[in-house]
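Structures are listed in the sections that come next.
Consider the two complexes below, in which subunit A is the common component and subunit B and subunit C are the respective partners.
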Partner chain A sequence: MFSRSVASSLLRQAARPAARPAVRAPLAAFRMPVAPLTPFQMRLLSDATRGAIDKAVASAPVVLFMKGTPETPQCGFSRAVIQILGIQGVSPDKFAAFNVLEDPELREGIKEYSDWPTIPQLYLNKEFVGGCDILVSMHQNGDLAKLFEENKVLVEAEEGEKKEQQ
Partner chain B sequence: MGSATPLEDAIRAKLTAALSPLTLEIYNDSHLHAHHKAMAGNISKETHFRLVIISDVFASKMQPARHRMVYALLRDEMALEGGIHALQLKTLTPEEEKRQQKKKAAEAAAKEESAKKQDTAAAEKTESKAEPADA
Partner chain C sequence: MASITEASLREAITQRLGAIHVEVTDMSGGCGQAFTSLIVSPQFQDLKSLKRHRLVNTALKEEIAAIHAWTAKCQTPAEWDKERDTAAPSLDGTVGGHVEGTNQ
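The block that comes next holds the complex of A and B.
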């Protein structure tokens, strides 16, 4: 319990540096000059966008596509997921967040990429886990804790205690 | 003059036809989100929905697959400009629903039990206090 609250504050602290570079780097690819899309093209995910999302999904073990940033979520559902990740004790250096509101191409692209029409979306080791409702119910029934533990993305309890003693 | 709730009607019609649900609850939470930024300039009263769907067709499917089924059925309504902006889903099989109800009942019973224990403990305390006065 103790290490968890430490972890959640760590997540909050570290979310900024961890999230920022991750948000910037792949976005360069999203900002490539593109001709205005025709309605037909809009339905297809371009190779460039798909490649950029591939990179984003692989940028950390736990990747969240959200509205706003971890410090200031712009949507209640994104906020709920950030809170859950904090309570679970997801390690900040294994976490990256992408703000879809900063990039319309990412915002639309991720929906098609995941075959999932809503934001937030959580990936764990490049696998789609779910949106807000799924994460809330997995958080409540214990499945999420198990999944995170098996994938070793949580702050180690000992590590948290050591930090606490310093 | 059409229906005042065209999206809700569409949700009910499409999900009923495709999933033959035992339970289909549709909650329109749009008013709770009417002032959030993304809703600026919106005039629709049907933007945020919360659905509880209990159906046998969800059996042996993981949650993401279940949600994708629902999303696919409502693809047009969600793609529509000014259509469904947010969709909360609870997708259960009848067995899962029963199990959840049981768990809830058990938890409620346990709570009541511990409350009773506290009551008796409190009662005993007052009784034991009262005894010397009687004696």
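The block that comes next holds the complex of A and C.
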């Protein structure tokens, strides 16, 4: 099926950006070799971290910050979002995923950066779309399909499938 | 902060968001670290989904920071009226109503 093949290719492809050293290196470089931060300190997002997250957010049209990888999500909410992106048919070429469990600074920093307390978090063309709740409801009411289509981030449907959708 | 329970969250939501109906369900499977909710408040009127969630996140900032998982369904009284029979806290992303990975 179309959606399944896209989902699996999305999963395969998506693991690559997450492992790409060029994007990941800046984040790791800013990791501070100190004791765990206090909650107060964690709220202060350094310019360096902000810059690294800016780059991550801009690394692809569709960027997901998640727990685990697209192939092996470590949390049900992250898994739900990966499934939705697969069903929607987001193009693997236009997608990048970042595993917050591999980088404590990213994990805390992204919450401050987005002013959003939970993970996963989805960005589309550098704009915050939402977390799992929002994506599930947008997926169900059709808003997400519209948004992805407008932003041209979907795998182009073949002729037959286009007709089916109309 | 005192430990967070279904009751403490329900009270906070009712007070801080002017909610007329609140359902909170512990989906942690026992550890009290994961909650899902249905919040019905007139304050959501004319707000898009993202803004509704931001309003809730702000009102419950400390509580959400202290738990592992948080899910909210935000409805206006009119929206809730329409699906009152079926409306319930979302269990999307959970396995049989329990969230995985609470040890992460």
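Heads up, the rule we're going with is that the second predicted complex is superposed on the first by the 117 of 166 C-alpha atoms of A that agree within 3 Å, B and C clash if a C-alpha of one lies under 4 Å from a C-alpha of the other, contacts with A are read in each partner's own complex, and residues count from 1 in each chain.
Just so it is clear, a residue touches a chain if its C-beta (ideal position, glycine included) is under 8 Å from a C-beta of that chain, and two chains touch if they have at least 3 such contacts.
Values in this document were obtained by computation on a predicted structure and should not be read as measured data.
In the three-chain model built by superposing on subunit A, subunit B clashes with subunit C. Look at A:I87: by the touch rule set out above, it reaches neither subunit B nor subunit C. Touching more residues of subunit A than its counterpart among subunit B and subunit C is C. Once chain A of one complex is fitted onto chain A of the other, the partner contacts of A:F77 extend to both subunit B and subunit C. By the document's definition of touching, neither partner reaches A:A58: not subunit B, not subunit C. Of the residues of subunit A, those at positions 67, 74-77, 115-118, 128-134, 137-138 touch subunit B in one of the two structures and subunit C in the other.
Residue ranges of subunit A in contact with subunit C, taken from their complex: 39, 67, 74-77, 79-80, 101, 115-118, 128-134, 136-138. The touching residues of subunit A, when paired with subunit B in their complex, are 67, 74-77, 115-118, 128-134, 137-138. Note for the complex: subunit C touches subunit A at residues 49-50, 53-54, 57, 61, 64-65, 69-73, 90, 92-95, 99-101, 104. Those residues of subunit B whose C-beta lies close enough to touch subunit A in the complex are 33, 36-38, 63-64, 67-68, 71, 75, 78-79, 86-90.
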